[in-house]
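The structure's right below; bear with me while I get my questions together.
For reference, chains read A, B, C, D, E and F in written order, and residue numbers begin at 1 within each chain.
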Amino acid sequence: MHSQSSEKASPIQTAESFDVVTLGETMLRFTPPSRNRLEQADHLQVHIGGSESNTAVGLARLGLKTTWLSRLPSTALGRMVSGELARYGVDVSHVVWTDNARLGLYFLEEAGPPRGSQVIYDRSDSAISRMTPDELPRSLFEANKLRLFHTTGITLALSESTRETALLAAKLAKAAGALISFDINYRSKLWSPAAAAQHCQSMLQLADLIFIPDRDIQTLFQLPAVDEPERALETLAGRWPHATWVMTRGRTGSSAIAHGTFYVEGIFASDEVGRLGGGDAFSAGFLARYLESHGDVASSLRWGAATSALKYSIPGDLPLMTRAEVEALVKNNSPSTNISR
Amino acid sequence: MHSQSSEKASPIQTAESFDVVTLGETMLRFTPPSRNRLEQADHLQVHIGGSESNTAVGLARLGLKTTWLSRLPSTALGRMVSGELARYGVDVSHVVWTDNARLGLYFLEEAGPPRGSQVIYDRSDSAISRMTPDELPRSLFEANKLRLFHTTGITLALSESTRETALLAAKLAKAAGALISFDINYRSKLWSPAAAAQHCQSMLQLADLIFIPDRDIQTLFQLPAVDEPERALETLAGRWPHATWVMTRGRTGSSAIAHGTFYVEGIFASDEVGRLGGGDAFSAGFLARYLESHGDVASSLRWGAATSALKYSIPGDLPLMTRAEVEALVKNNSPSTNISR
Amino acid sequence: MHSQSSEKASPIQTAESFDVVTLGETMLRFTPPSRNRLEQADHLQVHIGGSESNTAVGLARLGLKTTWLSRLPSTALGRMVSGELARYGVDVSHVVWTDNARLGLYFLEEAGPPRGSQVIYDRSDSAISRMTPDELPRSLFEANKLRLFHTTGITLALSESTRETALLAAKLAKAAGALISFDINYRSKLWSPAAAAQHCQSMLQLADLIFIPDRDIQTLFQLPAVDEPERALETLAGRWPHATWVMTRGRTGSSAIAHGTFYVEGIFASDEVGRLGGGDAFSAGFLARYLESHGDVASSLRWGAATSALKYSIPGDLPLMTRAEVEALVKNNSPSTNISR
Amino acid sequence: MHSQSSEKASPIQTAESFDVVTLGETMLRFTPPSRNRLEQADHLQVHIGGSESNTAVGLARLGLKTTWLSRLPSTALGRMVSGELARYGVDVSHVVWTDNARLGLYFLEEAGPPRGSQVIYDRSDSAISRMTPDELPRSLFEANKLRLFHTTGITLALSESTRETALLAAKLAKAAGALISFDINYRSKLWSPAAAAQHCQSMLQLADLIFIPDRDIQTLFQLPAVDEPERALETLAGRWPHATWVMTRGRTGSSAIAHGTFYVEGIFASDEVGRLGGGDAFSAGFLARYLESHGDVASSLRWGAATSALKYSIPGDLPLMTRAEVEALVKNNSPSTNISR
Amino acid sequence: MHSQSSEKASPIQTAESFDVVTLGETMLRFTPPSRNRLEQADHLQVHIGGSESNTAVGLARLGLKTTWLSRLPSTALGRMVSGELARYGVDVSHVVWTDNARLGLYFLEEAGPPRGSQVIYDRSDSAISRMTPDELPRSLFEANKLRLFHTTGITLALSESTRETALLAAKLAKAAGALISFDINYRSKLWSPAAAAQHCQSMLQLADLIFIPDRDIQTLFQLPAVDEPERALETLAGRWPHATWVMTRGRTGSSAIAHGTFYVEGIFASDEVGRLGGGDAFSAGFLARYLESHGDVASSLRWGAATSALKYSIPGDLPLMTRAEVEALVKNNSPSTNISR
Amino acid sequence: MHSQSSEKASPIQTAESFDVVTLGETMLRFTPPSRNRLEQADHLQVHIGGSESNTAVGLARLGLKTTWLSRLPSTALGRMVSGELARYGVDVSHVVWTDNARLGLYFLEEAGPPRGSQVIYDRSDSAISRMTPDELPRSLFEANKLRLFHTTGITLALSESTRETALLAAKLAKAAGALISFDINYRSKLWSPAAAAQHCQSMLQLADLIFIPDRDIQTLFQLPAVDEPERALETLAGRWPHATWVMTRGRTGSSAIAHGTFYVEGIFASDEVGRLGGGDAFSAGFLARYLESHGDVASSLRWGAATSALKYSIPGDLPLMTRAEVEALVKNNSPSTNISR
């Protein structure tokens, strides 16, 4: 249903299908304007951010039918999250609404060097941390109802029940014939490297596509990814040979290994105004192209690079580029400025 | 499809159904802050407004599955309109997108007496004014796909092709077994009373529910509605006996006549911050209750009154109350304040 | 000249003429938004305010060709004042620019009861306080170059040289055949009642039209104007029989006496958002009508009342109504709202 | 210490003394501008609010040396609270800072009827909820170091350890010869009436001054305060005869009973822009006058009424009136407007 | 007259003269703040922009008496344009006001790479597009009333009647002994290269000074200006030998040819915040110096470069530098910072 | 006392002690947002700035107990200054309040090249310019009550009585065993080089630590500091051998000489958003470390460099970095970003 007070209406309902189903937490983000410190601010700008929903927005902007599964409080705050996602084309009709829970929040101070950007998370005990496997909308996970399921390591880290929910979703999706995409996305504030390495095992076994930032390869698998990306990927592919591994390397670019073949891509230069969400935008670009090209890893990396570069030029966490902008950048490697006509 | 660049993806698609299908124009609205004059403003607040989409938002907020049909330019401006509607729960997946057209706009100066609020419309030659009957999504108008179709006299006034489109939609809906709701909503800037009276004829013949402001009864039908509302309604019901007529009477309240029975309702007091959109909110409240109660006119009038009163207390044109607020107001006739717990 | 760096260009120049020439101080005004206290504000809204320039703006908005004489610092602050006046149609090409001077400022906290609005003036030693008679543009004061000269008691209070300048301007204007208009506008922060009474004498002798708030009649002339307005005016007219006296009486209305005839006018109800500048707006409305009607006091009072009522509904000190709004209010006594067409 | 990283410096330190010591929770408050709904806002205004610190600010503005005890996270958010209090004159040098805790928050939608203002609290598990008795700065509670200690029922409701801390503070203060002031301030979202009634017992035994809203008298003590305020107060004074009871009665006024004498006070009319914090402002006005007058209940009620009326006219929760404004209101019953000089 | 409701007053009127008379369209510009996308914005900043009025503002800021001819709707929107120009010193007393027309608008998204800035124009059927030759104020085009007339190819492109109006203005100005300045300024959204080349012929024959961006030389005349600027200019000068040709070359600088002499100038480095309007600022700087120096092309190029560099550092389309800033930059090639005194 | 209306309360008072006592003027600063020109702004951001109070804020943020002595008007403007300082941890309880005085102001236009930032000062005749030696709080200058006294040449330049007050403060502090810190900080708008050189003599004799920008060495002492910093410092140290001289050299770094030893430090790269106040931040970092290390000049220079670099990345004049940020920068030479955990 399209709102949390849904029992009343809609007598006639038919099952929907989606290109991509995502599952994860989305938080409200509060940011002081114009690089002020939080202590200087008399008002804060409101955005939303969450790894899976960032990717979902990117996929929707690129033309894929995408839904986001989560659990939200039945308050104006919960509606701010679902409304913002719907505004940018993500289906939120399968969100679970609850009366007694809080929404995760974070406060972001954007800064240039030598002052570093600062985040204060306030996400403990959020509504999704109590999500349970039985709250999954089973009808979404039937055959031909979805092409790909995407989640991240953050969701696995939130709580045991959230982790079980995500794992069940992946299994159901797999059984329905869909691809499984998993972004490891290690968060040291949520769990230890050891816990992450252990609890990601089942998902890594299920995943067809695995995204990993190079820093996490070192942290979780003790592989020197920064200096020897090819070797690190080969080792990972040796352990999980069924999966395509995609490694994002910050301002260095990205690499991938699939069925023994190694791929490399650079980055597109960007005048950054919003660094958060770049990795999620990369996943969106990669996945959109991957689904459309039926598995062309090289061009998917390039789409990932273009999408994340465009995202960096946009305030907030969401990759609000258009498909035309990605296509122009991939094709021309130049901005599609449109001023002087 | 959920965005204007839709040809690419989504292999699997099933037909949707809706409680209410609406059709009409939505414009961007620009308003100077804090009762400043336009000439004083260095920035303008952006809202959206359009009679049918205002009503659609109200219906969605009240829990009904609602879609809005229209034609928008494939630009950021068009996406601002569709995004804002989606944000508040209205389905926009059947909007027609076009490359070469402009979006209607209006500028609103909000003022208190003796200065009157001023609107400057800039809506000529908008994308929807070139909408044609063949652009209607036929699948929506099949049996069991919709319960009610709603449009207004504004849509009929925009252009001949828009009018034909709206009429075809009403006929298709009627044929599919749905109710037809029509708000006359006369706009002197769009057409003359004579033209309106003439071109509304077909729609009045089709309509099951007709909303009309009392001032329009005088203007279009030369009936003295202000002083003798009951008699005016009886005359109208005499001419179009198949329809339920609902007359909104500003701060006096509302009346209706249905199958020979006359109904009267008052208003709920409101601390007004946004007068625009009150009539559309009334329609939303009325229709939501009418569909749920299977035709209880008395309680539908009361829901209309409550919904419009709540809308007056909210900035912008959209009725962004919650269902709980309407229910509490209808039941207790008092605000559901929730501060001091 | 139209800017302060004027020596360079413009080889060909012809003398201009004006309906009204005004002379006085204009300050920058700083106001915290939304009724916040100054101590709560992290930004302040910038307006300009000055009795004579407020009136000049009103006259220009009503269609009269109006110039404002003053002395400003050659800085961005000075240009903010002249630019804002030019924006609303007042000629500022005869302003005297100076390199070493400050601009007068004031800080306004707007408040509702029981908290009263507060003003902190910071106007000492402003550029105009050192204006001298020889800085007057003599070409403006030739025959047929102006119809009316207007200034206020504030200008007389600023400094001795400013007072001499204003008096010379009035004498030159009188000699050129123009009417002299003088608003007593007593300011207790600038001088004592005794000083005001003494130093206004020459101007009162020159003036054809004298505006006075009822409270000043008591303060300066010890006449009980509040209770017995007619008698107070008669006494004043007895002392200065050549002048038409116009008394503004706040929310009670206004009265006037001219050639032995007594006039009374009420007020138009207003939803006030900006109380400052109402008296200056009154003068603008009165003078515009007075010049157009060639001395019809009764209708001039009515125009004054309408213009000030409209001003109260507009933020800031300037009477930014339109001529059409004044005409509609004078005629219909109702706001010219223009929303629902 | 004056900041949370205090161990480093300040070799020389002497003990301070205060007129009033307060203890309680202060939260960040987020409010959408201009009566918008939260769902409409793209930025939120930041204020702080907390019953005891609201009162502390009022006391400091009225000239009393006041400190606020609490426990805050060592983050920018915690510093936003302490900084804002320091800005308005409250001593925050005894706040306990902690590394691993969150700050309580709330979201306020301000609205006029029929829409009611809404608050969403998010205060669970805040830093102060884990405050323990041993974190009290004992040096503050020595003889001659304080004249009055003030806290509220909210602090007692936060957690058992917070309650024990508040009780110990009251006992220490009493032992040091100070007066104990307690505002019952029942919060139904924090505990049940039964729990409140039980856990307030010890504090009621200690308190010299007890503030109670009339609605709480009914809720906690089953006394019909609204209709029979005098009788309710007599009953309460019968049970706790050592205390002066002050009952606030919203827009009806206030009453008190002390040593068998009954006092009544009305309200000062107010153009309300911020209703929250009015009761805390009342306490501030009452306590300031009570201390200065050495126990004059009648004039203390009047100061309470004036202080709360002024607070209603100020945005935010804090009573940012000046002492001069309170004195003028108490004396003249009229706003001390200061515009036209 | 100085406002659109001008028939009433001003009995005495004498003819004015100007250094420069310009003719063209000015639009309202709407920009989201802080590099947000339009879709993210809840308010838009309002500026004005139009090639000829941008240049007019630059000329006025540099001390030249300048008027702007155009046709505007008699609404607050039209007054926003004229008011803003008057604020910065441009005479708008000869603007033609009309009741039934719209104002051209455009929406600008400012962005850094790889996202390009985007403009959405909405200028069709604007008031000026129906301007006719008989609406020209003939008194301005008499001998000794103007020194230079300036317009651009945009004005020629708007409509046939606008083109005829501009051509007549140029002919009248020529006949009155004034210089004719023409900026080709090709706009692909308004007409084709072929149409532009054809319809600019008459103006090119009349023009004494012709400005052309290097990209237009290629587009309109098929000359490879980027690589061989000297040769392209020679070719153009061969065809239109009576004119001085000035070619702006973006970040490369500018060149000119006059009476067979070739001139080259570079650029001044700029920290760009507003790229739009740089070419118009260049024209302003060039023309101001050209008129003052009686035809010194070399120093005029340098003034053009300085003026446009300063404009790039200022938000909005208008060249709001001061004459002192231009002079200092031309002289010292360094910013005239004035902070630490 | 902690507010200007202080006579009433606080019967018990004990003497406080401070690490640092500062004395100087603080002004309100008005800045247009987003690099707009003042002439473009409809609101101005409010900050405070003053050399000594900037340093005081830095010291307080670094953990030192710091008080600021000055003289302020008893208005909301004066309270804006004291409140802002208190908010960031500076003690303001010894400020002298006065009823009849104005507050110094300045207007800052922030700009990038080729447009230079511009400051318009409006500080004449401010409250502190009439401060007299007898207004110093003597109790602060007793033995063991302070460790260091800091002022600047600006304070000496304000007026003769201010200069005498500062000198007396320095003498009292010296007598009490405290260090004297003096930042020469020449301001050409306040006095001539000759006057500065003469009137700084007494303070240079008293000072233990002297800060001087390299440009002032040339201006005041005719020493070529830019090219030969070591030699200039040696010469200065030769004249005033008792003092440690610290020379700030803008983007080149800093140098110092103490007891015949020469020290050099570079800068930390910074993404500048607020250049004003960098020198004052340097002093804060230097002094904090100097006091903690008991005179380690080398590490104090490094702390100065780190503190000023962090300040440059923060809007406004105040060095609102945290101690942790300074420590991390000094230690790691890299920002302490904290985003992706």
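Convention: a residue touches a chain if its C-beta (ideal position, glycine included) is under 8 Å from a C-beta of that chain, and two chains touch if they have at least 3 such contacts.
Keep in mind that what you see is a predicted model, and the values were worked out from it rather than measured.
Least-squares overlay of CA atoms from chain B onto chain C yields a rotation of 120° to the nearest 5.
Of all chains, C has its CA centroid at the greatest distance from the CA centroid of chain A. Of all chains, the one whose CA centroid is most distant from that of chain F is B. Chain geometry summary: the mean Cα position of chain D and that of chain E are 62 Å apart.
Averaged C-alpha coordinates give centres for chain D and chain F that are 37 Å from one another. Note: centroid distance chain A to chain F, computed from Cα atoms, is 47 Å.
Looking at chain E, residues 33-34, 37, 39-40, 42, 83, 87-88, 118 sit in touch with two or more other chains.
Interface residues of chain C facing chain F in the complex, by the touch rule stated above, are 30, 33, 37-39, 41-46, 75-77, 79-80, 83, 102-103, 105, 107, 109, 118, 120, 122, 124-125. Of all residues in chain C, those touching chain E in their complex are 1-3, 5-17, 19, 60-61, 63-65, 83-84, 86-89, 91, 144-145, 147, 291-292, 322-324. Only residues 33-34, 87-88, 268-271, 273, 306, 309-310, 313-316, 320-321, 325, 329, 334-341 of chain E touch chain F when the two sit together in their complex. Partner chain E is touched in their complex by these residues of chain F: 34-37, 39-40, 108, 111-119, 121, 187-189, 275-276.
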